[in-house]
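Look for subunit A in each of the two complexes below; its partner is subunit B in the first and subunit C in the second.
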Partner chain A sequence: MADPGGFDHSGGGAAADAAIGPAPRPFDPWPATIFVILLCLAVLFLAPTLGVLLSSIKTTREIAFGELWMFPARIYLGNFAEVIANPAVHRYFVNTFLVTVPATALSITFGVLAGYVFAKLPFKGGNLLFLAIVSGMFFPPQVILIPLFRLFNGLGLIDTLWPIIFIHTAMGIPICTLLMRNFFATVPGALREAAILEGANEWQVLTRIALPLSLPALAVLATLQFTWIWNDFLWPLIFTQSDEKRTIMLGIVNLKGQYSVAWGVQGALSLIASLPTLIVFLFFQRYFIKGMTMGAVKG
Partner chain B sequence: MADVRLDGVAKAFGSVQVINDLNLAVDDGELLVFVGPSGCGKSTMLRMISGLEDVTRGRIMIGGRDVTHVAPSRRRVAMVFQSYALFPHMSVADNIGFGLKLARTPPAEIRRRVAEVARTLQIDPLLDRKPRQLSGGQRQRVAIGRSIIRNPEVFLFDEPLSNLDAALRIRMRLEIARLHNRLGVTMIYVTHDQTEAMTLADRIAVVNGGSIEQLGSPMELYDRPANLFVARFIGAPSMNVIPGTVTVEGGVPAIACGETRIRLSAGPVPPGTSDATLGVRPEHLSAVNKGEGDFAGRVEIVEDLGAESLVYLQTGLMADSLTMRVTAGSGLSAGDAIGVRLDPARLHLFDSRGLAIR
Partner chain C sequence: MERENRFWRIVLLALPLAVFAVLVVWPLFSSFYYSFTNWNGFDSRYEFVGFRNFAKIYTDKLFLNAAINTAIWMVAAILLPTLLGLGLALLIDSRIPGGTIFKSVFYLPICLSAVVVGQIWVWIYQQDWGLLNTVIWTVTGERPAIAWLAKPETALGSVIVAWSWQQTGLSMVIYLAGLVSIQEELLEVCEIEGASAWQRIRLVIIPLLTPATIVVIALSVINSLKGFDILFIMTGGGPFHSSDTLAMHMYNESFRKYLMGYGSAISVVLFLIALTIIRIYFRQLRKLDEIHG
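Let's turn to the complex of A and B:
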């Protein structure tokens, strides 16, 4: 009656919706606060990377005279060209691969073997041994640095890559064992027993059942170990002396020694040096999926 | 084809005795069911036969061969797990053919035999799927397929149907019975469900606390339970058990339950028996007119099940109600006062230790 034009429908509808819909909630400051905090942290973490990126595309002159955070007038790729053409850089890369790949593979292999035993083949004193191995994670490297130096010196292995491979393998075992044991523990025991009844031995249970189901754990470990060993600075610094044996992280610093101010080149090498870890991450991240054991048991 | 014999088998986990002195002979081609409440040691028995668990004491013979210390895969047994235990990363075909592959069977032969097994279990359209893409019933079939492909001599089933819904459980039960008929192999089947045991078994072993309470055909256990535990466990709804005192009047034994005396026509009662338990199955009670029959009762609740009804009665025999099974259309309803008649030939009497008096 009140509305001959018939436009009341929308108004009445909205009123009805408001009556039915949830009451307006009081303003919750938490999501906003958390967002702001996370944003600040993200900026803090990304700023150095941005700084490196900016200096890698500037000429030495621009770096010397300009502002650190300023964009260059023109993107300069000479630093990258210089780094890529430098034979010393090639050597650093090869050395780092020679350390990282075997140490990653070995530490994961040992972790898989030990983790399987701890998870699936309990034995007397096993838990104690497991704790002992895992406690290895908490050793500060500085404590064992001097004894290790004397040990490898005695073996005549100073200025070779062997000590670095060996130490990274050994130091990776605790975390690899811990992670693999915990992952294998989630693989239902009935799967192992079913395989054993079908004629599998323990090795076949591991390689055909447990490992294929543990790809997420293996991917995480591979990424972690690769990144950690690739980026290591301390052990190569201690055990290598000649430029021929240096790894990439030392190489970045060495470049500084060869040129007076080499921020641009260093920035370029830093970015190139982080590419392998990025590639490893991108390659393995598709295995970081859950639910691999879904459908194994029960409905 | 093989028979299974357990001689004095015992199992302890640390200091906990789980199985005591188990003696059992399963005939060639027999389907024997272990039934008992959960935690009574059924799975442990099965796992000892399969070799997944060592025995603490005793000897296990399969087909006349002492396998006590033989590796599980060499015992020619196959096991179907409650959880199915399918390998989640393998296709159905790879799951079924896993054992053959380990035995280095040529791939063409594996494919042929997998196809054959899949056909008999009607899972051939599923061969390329992963276990997670299957329903519970299909998974169970795949698990059975994996167990039959290597032609084992003894099948072990550990509660294979307990993860399925009721309708599917009945269908799969039938299929396992068919499988047994077709293959004619020895099967040992574990369940906590007495209906499953009754319907499937050639013989049932009722297990309690790590020992076999009674071993016999389903009807033997039903009609002549050796003790109170078996009497209560076998049959659904379970037997009415009524505590009482045995008296002898004029040479005829009777049992006094509450204010009611019930004459025991069946069998002599050993002298000196006093405290005893009377057992009567729900179908051996019948409703008669008020004032007639062996004792009076009041209908408390009537559950109509379709073809029959369960009637819960308040009586003077004991505080708990009695269950009576009658055909549908009895006309009884809650609050009715009736007389109750016992079938005198079907009464069970148990002594104070719970053993049957016959």
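Let's turn to the complex of A and C:
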């Protein structure tokens, strides 16, 4: 139980107050102890991320002398300047947006369509079909890697961004369908029936009644899908070959050769590459966590 | 009315189902098909080789090695992120100040990509100026010369630690969601009856968190089967295949040696393992439903 006295280091003051108050309480050391334990763990957990931050504002010389993990005497911004001036980085960014934005939008659209049917227009065998789609979430992508490689190779789409967009759209359908079905299930059926009696068709119910109500669910999916697709490594690794088509995560790996001992530049590069997902995380953290737990618990 | 419903079902489901069927379901079955061939990835021609690819799995020492590593990874995945996540959730749930900030700190690594996480940890394990060796140096006074990722004995364990660091936040939030659903009155009764904090956690909270635990373990095991990106970045499966997993082995055989037939056979095995785990998971969830109604 939260005991404000627990943070009173003297302890005596709290005891004296308690003696006057109606319910005397013994000094509880637990909240303070827990706070300290959590603080230590938090520092431990932050250390790796902090390392990247620190490296990005140091010169290679400082890092080579073993000073990566210390706070710098002065902030060096040359690493960021180097990354921002690199045209390859711009290209990687554009490519990643070209993949992430359409794939996020398409997978959510399909999830909305399918989720609506499973929630509001139940049919025989529908539950089984729903389960089959949702279980797609659990399989390692390696399971479908080779046939997809053959398919897109045959279509002449190797070393383009198309396969990555298509595949992320398809692989996003399970989670999007799951969350949208669960959300639509909470929209009162009476709303739909009233609209239908008034002469609306199913499409109008979906777009004018159900969708405006489901903005929170859409936000959850947008944050999840954006983060996953932005961070993905496997599919661009398989389907892109030339540097012109690389996405940012592969780009970082490519540039490692170029900046092999320029650790500071590598740090700045990692940080800039993570910026979009970090921004999404900071602003939509609530939705992000909700999506993770919803997807996990209901799956 | 029913006719209209059927029309809309077809219209709304057609596109999502078609995309899912073409890009997920069909490739899944194709993997089975290719696992019986010797396709090399480029020729349009290939031959059927029957069960030869599966027979090869039995004799392939690298497959056995990868399977053992995957098993080690799974066990570690069940223990590390689950226990850590549970511990953190219990600590944060004790209503200390700054709980939300702590939650974000532990959750932050989840939104970083495997590439970035891999790079961070490569630096931690770096031989000359890495954080780990620096700490050991400060504590013991002796300068350790361990290249954690370059030694077969430590490579896999080092990657697992990095991966657990990222996964812990996920199990923590699932446990926190589970803790919210435990009734306040129940815990108050425990306090009135004189149960200690430890008794309360061990005898009441943890049993009530069983659904969350099932979810956390299932997710960890499934994610460990997917263990690829971070390995690719940190060790590439090396040194000497000491950190190969099944997913990594599949990639190597298919896209480095161009043995796509054999790679398909490995992916079929991966599929069967995942299927088994998913079935156990759903059965456990159903059992819980029966108990709790």
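Just so it is clear, the second predicted complex is superposed on the first by the 232 of 299 C-alpha atoms of A that agree within 3 Å, B and C clash if a C-alpha of one lies under 4 Å from a C-alpha of the other, contacts with A are read in each partner's own complex, and residues count from 1 in each chain.
Heads up, the rule we're going with is that a residue touches a chain if its C-beta (ideal position, glycine included) is under 8 Å from a C-beta of that chain, and two chains touch if they have at least 3 such contacts.
Everything numeric in this text was worked out from a predicted model, so none of it was measured.
Could you say whether A:85 touches subunit B, subunit C, both of them, or neither, answering first, second, both or neither?
Neither partner.
By the touch definition at the top of the document, which applies to A:209: first (subunit B), second (subunit C), both, or neither?
first
If we overlay the two complexes on their shared chain A, which of subunit B and subunit C does A:177 touch? Say first, second, both or neither.
second
Looking at the overlay, what does A:270 touch: subunit B (first), subunit C (second), both, or neither?
second
Scan A:75 for contacts with subunit B and subunit C and give back first, second, both or neither.
A:75 sits against neither subunit B nor subunit C.
Tell me which of subunit B and subunit C touches more residues of subunit A.
C
Of the partners subunit B and subunit C, which touch A:47 in the superposed model: first, second, both, neither?
second
Counting contacts the way the document defines them, which residues of subunit A are shared by the two interfaces, the one with subunit B and the one with subunit C?
Of subunit A, residues 292-293, 296-297, 299 contact subunit B in one complex and subunit C in the other.
Going by the contact rule set out above, which residues of subunit A touch subunit C in the complex?
Answer in residue numbers: 1-2, 7, 30-31, 34-35, 37-38, 41-42, 45-49, 51-52, 55, 63-69, 110-111, 113-114, 116-117, 121, 123, 133, 135-136, 138-151, 166-167, 169-171, 173, 177, 201-203, 206, 227, 230-234, 237-238, 249-250, 252-253, 263, 266, 270, 273-274, 277-278, 280-281, 285, 288-289, 292-293, 296-297, 299.
Please output the residues of subunit B touching subunit A within their complex, sorted ascending.
50, 52, 72-73, 77-79, 81, 83-89, 98-99, 102-103, 130-136, 139, 146, 150, 163-164
Would you mind writing out the residues of subunit A in touch with subunit B in their complex?
Checking each residue of subunit A against subunit B gives 188, 190-191, 193-200, 204, 209, 212-213, 292-299.
Report the residues of subunit C in contact with subunit A in the complex, numbered from low to high.
Subunit C reaches subunit A through residues 4-6, 8-9, 11-13, 15-17, 19-20, 22-24, 26-28, 30-31, 34, 39, 41, 88, 91-92, 94-98, 102-117, 119-121, 123-124, 128-129, 131, 134, 165, 168, 170, 173-174, 177, 197, 211-212, 215, 219, 222, 225-226, 228-229, 232-233, 247, 250-251, 254-255, 260, 263-264, 266-268, 270-271, 274, 277-278.
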